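What follows is a group of structures, each given as structure tokens.
You will see chain A twice below: alongside chain B first, and alongside chain C after that.
Now for the complex of A and B:
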């Protein structure tokens, strides 16, 4: 085991920024921290970098307690949301900078700089100054400088958030290939965007309000959220949540939506539950004959990328439905909405998962 | 409220020029229908802010004329054009109450007090600001302040158009959709011409009846969001709208068929293309419309599946067809071939581009 976080906690002026995080990371692993703003992601990265000291707990790297080691003695680098480069140095010297302090020969430095520059598609820009670069190129330069050192630990704090979406799309695509070649470096990448986390894969920790909620392989956590909170945080738009009751083998969601209690929910005891449905499991067309149907008023069609998210209201419950492609809907239009009970997540009143859909057998292999 | 026309209007910051590259906005004819919601969308430097400033009168076009309801306003200053504007950052009077903020434009126009009161309360009701009316502007959230900015435009009966310059930038992400919905409702109620400037495709597509997509000082395509998605008239539309972007491959025409490398892609109606002049030909199709099967059938092309990304609600497969890599979006419920797959191009979604412009063929 290469890196261990033991009960890391950070309290500032009585406010808990990070609450008892324990986690293990393998050498060469890729780790994602997912959470909304103020979840404690930056605090966690700063603690790992040594820029802040934990209130309690510690980090071990290769068995060594890092608490007494000052930041400048740690083999760690960090990439921030803002593009930070040396404005007076060209791209080549920006990347070479951390190598100049060591005892590397000039030709070794040259080889390393050019290799990492190629990997990040800035090989043609080596003689330019940062001010003559686009935002994307500036961030690529900062990333190249952090990769070239081959540190034990590379921390990336929402590195794409300040780029426009086309660029974000493009760099996100390349990231997996870049990070596949990182050798033994442990990479920790923080993001607020569930889709970005799924793009990146690797191992995931879900944080919310400073609390660690769930960890594991990214795609497994997505398919098997253990709490209502994880289901909310790790779905964009958040998973639809509806109060419901089970009485005498019959489930009723919201105001009178009757759902057959079969399959994975057949074992539910009588009681009150929260039912969760992903936006992508709601449809405007019937998918199968045992679908549940209800009628709702369309309030807005929100378009994101190539998808339409329809906000619709049924009595006092607001639903979000995910449609492939871009479609127009008029405000106030009535629509029939369909879902299948096999896609329901059931959470107890305490928020823990009571029953979840079986993992789809057709889940794609990751090559 | 007014219909706005550009008659050969364009702007070069260095004055009229023979060199088209000098133009931040190339001379164009374009009409903005009364009562519609438009979004000006494009990357930075595409000329959208110049266009907005020409409408509001902050920039006098070096070329052409601007008409409001057929009245030439090219030389009329901003103050007399009756344009309301909502800026990126909220601009409200912090020391005045919300009521007085909303009433301000009407008091300036010396409307009778009862009339002002009716109008202010009506607009406040629509914008859910009624409970805030007596409190001062400071300390309000960014979205409430933006609503007040908008409200100051709505109270006036004489507004020709409301211009919105990236108004949601400062608004908390999870409140954005509520504000977008409000903007739609407002437009439905007051039928005002609204023009939104943004570089964010999601914002533009969610807001607008018509999106005006711009690039390099020119309008590339005007259409409903659905039209831009389903029928991109320019390769730039295919690239800029949609995520992942549209797939494009160089192609050639042979015996009334489209050839991409050694593969023939069926596309009816190609007779019309016989008259096409020489030039770059590309085939385009969106990742959503390609079909990837495990078994070969009529009109499928064998491809190599080189990568699959599980994005939770769908998979994106990257396939290699000859020398080209294509992206295919596949629902999570559909099983995917590993290694070898069979790709088909539904003709109604397969588009041919000549020198980056769509070739209109009927199929």
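Now for the complex of A and C:
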């Protein structure tokens, strides 16, 4: 074990920003923290960096308690969501800055700076000042400065959120490849975007309102959310949640939407449940003969990039349907909506998962 | 319509320029006149309308006792203004950095209160401060000395430096300090190596304000000095038109603004607002 968080808690003025997080991270691992705004992601990264002191708990790196060690003596670097570089130094000197603190020879520094600059495609920009760079180039410079040190721990706090989405996808892909080859450094990357977390992969911690909800391999957590809360945080648009009952071998979702209790939900006892369906598991065309069909009124169609999100109402339940491609729908139109009961998540009234789809049968796309 | 607008606009600009620049030009031309040129009606253009002379300027530097010796007060003013401004800027910058980056608490007193305390020094009318300052300098035996004046001016100028620099530091993201520390700088190194090199515009503006206020102050220089020490504003005001000729008065007035004008030209590029607030994107 290379890095251990033990019961890290941060309380400021009576408000809990981070509540008892315990976690282990392997040497050289890539870790994603996923959570909505104000989930405590930034607090967690700042505690790990040593920029803030935990109210209780501690962090161990290679068995050493980091609490008494000030920021400037920890081997940690951080990339912020704002583009932070030294404004008075050019790109070369920005990257060289942390190296100049040590005892490296000038030609070693030069070699390291140029190597990492090439890796991040800013080799041509070394003589520019940060203010003459685009946002993406500024963030590349910031990452180059963090990588050049070869620290134990590299923290990235929503580093791409201030870039437009095309550039974000491109740079994320590049960064991911760089991280894969980054030796022993433990990387922690925080994001609000479930899709980004899936793209990044690695190990995941889901945070909400300061509480750690679930951790594990990113794709496994996505496929097996243990609670309704995780399912909500880890789906964009959020998972459709419908109150329902199981009586005499039939499940009734919402008002009169009857679903056969077969497959993974066949073991359900009679009672009240919350049923969850991903927006991408709902379709406007029949996918198989076992599909459940219901009719709903289309209330809103949002087109985002190359995807369409449809909001449709069936009695008093509002459903969100995720269609790939761009589709025009007339509002107020009645549409048939299909889903398969094998994609249903079933949560108890306490929020814990009672039954989830088997991984192999899930039709939800893994990106 | 547009023609009328343009006409009014340029009329306003010309009128205002005349109002601002006029007295300077007047003093400038008067300073090169002799008695004959001054009393024989309105004359502005040298050589054509009157015969220029350097008598007024020579008078200023006459140390024989007959003329006005402006050199000593000039040097005193430079010494007092520069030392007080420099020390105020150093102390003010350190105070402002502390106030913008760390939280202080003493009972109910917090950062905002400390900042206000500094600025409140300038809210009081100077007359309120004059008697305490007088008594303090008297107790220290520093009345009528350059050192006494420097101490008083530090008290007066430091609030300006704090005010300008607090505002400036708040425009520098704290993340820059944090990045420096993550890159291995202790807090002191972070201030010296990262923050200071990035606050030149703020230092220039803060320093300029200090120099302007210090150089132009008449009131405290007048109250706290008697015979041994004299600063320029007091020396200029002390010139009496019934004894000192007009041309010498004009020359003394002009020479007392020269340093400020020169300074303003040197640091002009820092004075545009964009340079002050947008230093860090």
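Here is the rule we go by: the second predicted complex is superposed on the first by the 360 of 367 C-alpha atoms of A that agree within 3 Å, B and C clash if a C-alpha of one lies under 4 Å from a C-alpha of the other, contacts with A are read in each partner's own complex, and residues count from 1 in each chain.
The rule is simple: a residue touches a chain if its C-beta (ideal position, glycine included) is under 8 Å from a C-beta of that chain, and two chains touch if they have at least 3 such contacts.
What you see is a predicted model, and the numbers here were worked out from it, not measured in a lab.
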Applying the touch criterion given at the start, work out whether A:78 contacts chain B, chain C, both or neither, answering first, second, both or neither. second
Quick check on the superposed pair: does A:324 touch chain B, chain C, both, or neither? Answer first, second, both or neither. first
A:49 contacts which: chain B (first), chain C (second), both, neither? second
Touch test for A:23: chain B only (first), chain C only (second), both, or neither? neither
Check the contacts made with chain A and report whether chain B or chain C touches more of its residues. B
First, second, both or neither for A:310, with chain B first and chain C second: neither
If we overlay the two complexes on their shared chain A, which of chain B and chain C does A:120 touch? Say first, second, both or neither. neither
So in the complex, the part of chain B that touches chain A is made up of which residues? 43-44, 177, 180-181, 184-185, 188, 199-202, 205-206, 224-226, 228-230, 239-240, 242-245, 286-288, 305-315, 317, 329-336, 338
Provide the residue numbers of chain A that touch chain C in the complex, in ascending order. 49, 51, 70-74, 76-78, 80, 82-84, 86-88, 97-98, 101-102, 130-131, 142, 145, 149
In the complex, the residues of chain C that touch chain A are 173, 175-176, 178-186, 189-190, 194, 197-198, 279-281
Per the touch rule, the chain A residues reaching chain B in their complex are 164-166, 169, 194-195, 198-199, 219, 222, 235, 278-280, 299-306, 311, 322, 324-328, 331, 360, 362-367
